[in-house]
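Going in written order, the chains are labelled A, B, C and D, and every chain counts its residues from 1.
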Amino acid sequence: MSVLLVLPIVLPLLAAALAIIAYNHRTLQRIVAVGALIAVVADSVFLLLAVERDGVQSVQMGGWPAPLGITLVVDMFSALMLVISMVTVLSVLIYAIGQPGVDQDQPVFHPVYLVMTAGVALSFTTGDLFNLFVAYEITLAASYVLITLGGRREQIRSGMTYIIINLLASTLFVVGIAWVYAATGTVNMADLAVKIAQLPSGTQTALSMFLLVVFGIKAAIFPLFFWLPDSYPTARMPVTAVFAGLLTKVGVYSIIRTQTLLFPQHRPSTILLVCAGLTMVIGVLGAIAQNDMKRILSFHIVSQIGYMILGLGLFSVAGVAGTVFFIFHQIPVKTALFLATGLVEQSTGSTALSKVGGMIRRTPLVAALFLLAALSLAGIPPLSGFVGKLGIIQAGLSAGEYAIIGVSLVVSLLTLFSMIKIWNGVFLGTAEDPTLRLAASEGETRLATPLLMRGATVALVGVTLAIALFAGTLFDLSERAAQGLLDPSAYIEKVLG
Amino acid sequence: MTQRRSVILDLCVQAEFHTLLLLSLYLLFAGHNQPGGGFAGGLVASCAFGLRYVAGGSSALSRSISIPATTFLGVGMLFAILTGCVSLLTGHEFLESAIFSADLMVLGTVKTSSVLFFDIGVYLVVLGMSLLLLQQLGGADGTDPDEVQP
Amino acid sequence: MFVLILAFGCVAAVLPVLAARIGRRVFYVAAAVPAAACIWGIWAYGQISDSGPLIEQAAWVPQLGLTLGLRFDGFAFLMLSLVAGIGVLVFLYAGSYFHTEPIIGRFAATLLLFSGSMVGLVLADNLLALFLFWELTSITSYLLISIEDEKTAARSGAMQALLITGMGGLAMLGGFVLLGEAAGTYSMAELLARPPSGSVVNFALVLVLIGAFTKSAQVPFHSWLPRAMNAPTPVSSYLHSATMVTAGVYLVARFTPAFADYSVWRPLVISFGLASMLIGAYRSLRQHDLKLLLAYGTISQLGLMMLLFGVGTRESIFAGCTLLLAHGIFKAALFMLVGIIDHQSKTRDLRKLDRLGAQWPVVAAAAGVVAASMAGIPPLFGFLAKEEALGALGETGFAWGVPVLIGVVIGSSFTVAYSARFVWGAFGPRPVSMIPNQDSVRSEAVGQQVPKPSKIFLAPVFVLAVLTLLFGLVPSLINPVITRAYASLVGVRAEHHLALWHGFTQALALSAVAIGAGFALFWWRLRVEKLQDEMPKVPSAQRGYDRTVKGLLEGADAVTGFVQHGSLPIYLGVILLTMIVLPGIPLLRDGVMPDLWFADSPMQVVVGLIMIVCACAAAVARRRFAAVLLVGAVGYGMAALFVIQGAPDLAITQLLIETLGVGVFVLAFRHLPADFVRSKFRRSQGAQIAIALLAGVFVFLFTLFAIGARTEPSISGEYLDKAHSQAGGNNVVNVIVVDFRGFDTMGEIVVLAVAVLGVAALVRAKRSPAEVEP
Amino acid sequence: MSFFSALIVAVLFSVGVYLLLQRTLSRIILGLALMAHSANLLLMVVGGRAGKAPILGAFGPEDSVADPLPQALALTAIVISFGVISFLLAIAYRSWVLTQDDEVEDDVEDARIAQLGEAEMRRWWSRPK
């Protein structure tokens, strides 16, 4: 059983090592990468089944008992995150292989992408605060390389912003770990859960707030999100897509994990709810102000993070379950939206609303894919986003938080507004840039997007539809995840034995 | 930089290069009991190659080592991870160590742990990293950044 | 019932493919689905007359109360027959309306999807399922209005419709959840049987009503409906007159029996309904576009229905049911007529249409019949409905009954006037003189050479005209359906039934007054128009919407411009301040000071001072390499500190890494100019220094308090114990790094490998030609 | 707890923050390097009182031994920050190759919207009440 926990990290790393050795053999790299990720997807599904059947799973690296060695723990929350993110990562990899130019001139793409996968998997599974830092660094180092892959000028400029801010966050993380260690003398999270509870209450709150800021930067919550909309849109589309889907969610995951596990006595409900509201509103207003698909969608990442924090801020099983489900739906939906945007870019060469138009007549398939994902993002029933939002709304209203739920409903409407803005601008109407229209009508070959790219997008949209279809089962699992988060005694017992 | 080569420096570097490599290996193997380890060892070896670079420029560096630096990286990673996987295959946890004692006749009995292999992986990665850094930032690949200077 | 709803979706999915093969005949295929729904409805109607309502359940997300509960009762049958029956006719009609446009596949599919959602809406018992179908109708309506997507007006009209109804929908969702949580159930039947109480319920009802009002285009949320007229006429006829817009009325009808006595219900519904009835009809009198004329008429009629259901007496609910059906029939027919006129003559401006009636006498007769039904002229179905309405309002027994009744009579007379205006405008001679400055519009007359529409194009209109006549003459044909619908709403069988002649009643008199006044208004239409023109302009809802959207866009720009400044130093400053303030406040509350001593050793002081000086010098250094070397010196100082602290491994590593690091710095910076760009002292520099100092103090205090809070020894004792015995090494730090926490080290070498691969990729990356010359 | 070691940590952090807030990329990187130093040193400091190196056999039973775990953590952190800062240096290098400049530029699209927003703000204020 313990093998299951290790494989999502070790397999991609092994594959990455092989891909580095096979530095200039593209086909070999592709085979290794796809093979490893398929295996990881299968593994994480098994892991989910195991957790579903037997409860929390854990393994001690090197066989050293808990506070000494590093523990990997998978509870329901981790397992759900693992499954959906691995599926997403696999789809994007296939998309990237299909897209001309992404891995062709870049021998580092595959190894780095695999390493990022391992980092994400490790972030979701580790039960050790310092190891979480290492996991972050693996993910981030890979993301630095991916976001600047190609080395174009605007990539370098925005990549700089991205890297500097994340480096600051990483440094702060080390500082935070140092303080946690100073106060408790341990870095194992289950051990910390026990020991932090004995600290003076002010110190507990201060530590919890500090870690909230550290992870808040990664999760892009207000007022720490500004780097995101500037840096994401410049990368290659598969990279942007996987970042959009995954990386901020790793931050949200860490916020949820640390706030529920480490600081059960100090629940910063008010602060989280205020942050959530501002994140939602400012994010969606930012989206409305933009005129480019990629930038609009990037601001929506921020806005949607607000919903996740909102559900957490309620600190009730219903609220956290809503958040878990919401994250689960958000990862593939957001990624699919960016992939569909990539298809538009691939066939027209632009994503500016003013330049593209009438895509529905040229590529009805892409239009349909985008519409489904966009409506799901906006929370239109019966798509998956609706279920997540409904869960959060119910939890909020039954907790009496009327104001914030009112805000979230307004934000829903504005989300719909900006999705329709994209739809009206890109898929309906006519292209206003005459040169572009000319290019489209003459070079019909340019319109045809590679089969793998379309296939990957279809698959991911299919995943979101499946989430909607099996929402009952998934919500059941989300509720169990929430129970496990709010009452972590099983987690602690499993780790400390 | 590459034109102004000093013979004395060259000779010193030749002598020191091998000494440093030996030192790095010592650090690697002694690390478990004395200060040192794969990291320190790898870094000392890197310094040896760094000296080569300072003395002879990037061409001397690429002459002194024919394997691509990326291979060092990959093999090092593979080494470290596979060490972990071996214990997995023998029914233990990932990265679980085992202690060996080997009787090397002349050299006496050596007691060591399987994590030595892990440390060798670390050593290789660190070495590969610094080689690649020197080659790339030092401009060994024909894409000498000097050419773009106005 | 699920099978029925799913059939709509499944057939819709194949229609676009089919359309490519068989062209516009695809509409006849599509018509089969609502026809099947009709047949099923009649069969099911027979079933429920024996037993109770038909109920179907399917769990979807039961944890959230989200089950797809469906319930078929008398009122559902009334709505279903309206939706499916008119649906069949609209599809047949669309088959003639369209020719070979490439959009027909998409159009037919979306229209069928809408049809299915509407069927789902009227069958849904679970509130959340109701909301699901409600939103689907909004989305499909959006897609249908924007179907001719190259027209800007179609796109913006569609967006407006979606935004306004979407806004209402979300408010309604909030209301539903509040109700559901208060009642503990999301089943409408259970909720209505045991309505919850409390102040929150009133709030929830307001939210639900906002949803209903927006969907049914009640003033002041009505502005989307006239703009939705940019859609092809089959859409206007189906969605925007007969079915979708009645969804709000439907909801009010369902809720009234349980909630009429709550304090917010009647005042809101009645005032909004009456206002819509009057304003809609009044605005209708000024329209020149036949479609817009009908659209405002629809707003008015919806207002009346809303009012009737909202009053909530048994008679008024009965009247509401009757009007709902009557309106669906005559309004659908009228829109189809406009579509035919538009289609044949390419205009729907009544100032251009000239004596069409002389050419198309039969069509004009049919138009006369349905318009008369709308005006409430005997012996048509519309008359029966109006009669019921006036009768019900005359005997409410409430104090506000009389003013409301007077309002309705005034509204009815407007209705008569615009009905007459419609017939006259479409089929009569061109108006002689209107407002003087509009002569240019009237320069071209249309009407002499308009081709005759085909019989099959006209058939749906005739069917509806016959129905409205038939139900008027023989009310007993339709009476059982309405009675049953009424019974399923109120829970009691109706005491009275529809009749053409109730005797000389107050209602009859009022009807006569309304008709008389209406014709008078029509007779003096020129004066009325002039009067309307002279009335002071009131702020229109359209302008309100435009202002809101414009304000939203500008506000978004302003807020985004303010927070998203694009400047890295500002971002970093904000992050750092957050980092200081959020944890800083609780930290100061109960910090515990640790045992303090000045320094561990004198050497520590010496080395530390050197490091501090070097760091400060690096901060103010003007030369780049000086700064690099000074930071390097700090690094070497670190190594020295590590030695003092008792960490030889760290010291070695730090020493080597620093050497390598300085080398890398030098390599990377070797091309940069030697000096930093000299910057003048700016205001921002003060802020930088302040943030830096704050951060320093914060780190200092937090470190002290964190150490002071420690109560237990660290876990390191065990490492010392086990390093040799179990891990076979004496250097405990190394044993931790490669064995106890070897997993960290694995991650660490991966980071190194990736970072350096990135360096390779960056340095090697080609430059696009545009970037060589920046 | 030694007052002085906390002071070194705080000063390094503070100077690092100051450099981080500059507009010149190379100074930002130096600032990050200083902050990384500060954080790594902090890891060491929180281990508690200085002592003998934690190498078995190198200290007696009475000696106080330095806490080995923070040392190991600091070791990892040092190496990681080195790797990542090297990459940032490569970015600086690349940036210089492309722009011949060492400034961190503002985001173009943000600046455009900021201008729009400011113009609208001004219009609001100047609008007659």
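Please note the rule applied: a contact is a pair of C-beta atoms (placed from the backbone, for glycine too) under 8 Å apart; a residue touches a chain by one contact, two chains touch by 3 or more.
Since the model is a prediction, treat every value here as computed from it, not as a measurement.
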Co-neighbours of subunit C and subunit A - touch as defined: B, D
A-B compared against C-D, more contacting pairs: C-D
Chain whose mean Cα position lies farthest from subunit A: B
Distance between chain centroids, defined by C-alpha means - subunit A, subunit B (Å): 36
Distance from the mean Cα position of subunit D to that of subunit C, given in whole angstrom: 45
Centre-to-centre distance between subunit D and subunit B (centres being mean Cα positions), rounded to whole Å: 28
Inter-centroid spacing, subunit D versus subunit A (mean Cα positions, whole Å): 25
Sequence positions of subunit A contacting 2 or more other chains: 13, 16, 20, 61-62, 111, 130, 134, 137, 141, 144-145, 148, 151, 153, 160-161, 164, 168, 172, 175, 178-179, 181-182, 229-230, 289-290
Junction residues of subunit B, two or more chains touched: 33-35, 39, 70, 73-74, 77, 81, 84, 94-95, 97, 129, 133, 136-137, 145, 148
Residues of subunit C engaged with two or more neighbouring chains: 557, 559-561, 564-566, 568, 572, 576, 648-649, 653, 657, 660, 664, 668, 671, 699, 703, 706-707, 714-716, 719, 730-731, 737, 739-746, 748, 750-760, 762-763, 765, 767, 771, 774
Category of the chain touch graph - line, ring, star, complete, other: complete
Parts of subunit C lying in touch with subunit B, wherever the complex brings them together: 648-649, 652-653, 656-657, 659-660, 663-664, 667-668, 671, 727-731, 734-735, 737-739, 742-743, 745-746, 749-750, 752-753, 755-757, 759-760, 763-764, 772
In the complex with subunit D, residue positions of subunit A that touch it: 130, 133-134, 137, 140-141, 144-145, 148, 151, 153-154, 156-161, 163-164, 167-168, 170-172, 174-175, 177-179, 181-182, 187, 229-230, 289-290, 292, 295
In the complex, subunit D residues that touch subunit A: 13, 20, 25, 28, 32, 35-36, 38-40, 42-43, 45-47, 69-70, 73, 76-77, 80-81, 83-85, 87-88, 91, 94-95, 98-99, 104-105, 107-110, 113, 116-117
Residues on subunit B engaged by subunit C in the complex (per definition of touch): 27, 31-40, 43-44, 46-47, 50, 70, 73-74, 76-77, 80-81, 84, 94-95, 97, 99, 111-113, 115, 118-119, 121-122, 125-126, 128-130, 132-134, 136-139, 141, 143, 145-146, 148-149
Interface residues, subunit C side, partner subunit D - complex: 554, 557-562, 564-569, 572-573, 576, 594-601, 604-605, 608, 611-612, 615-616, 618-619, 624, 627-628, 631, 634-635, 638, 641-642, 644-650, 653-654, 657, 660-661, 664-665, 668-669, 671-673, 676-677, 679, 687-689, 691-693, 695-697, 699-700, 703-704, 706-708, 714-716, 719-720, 723-724, 730-733, 736-737, 740-741, 744-745, 748, 751-752, 754-756, 758-759, 762-763, 765, 767, 771, 774
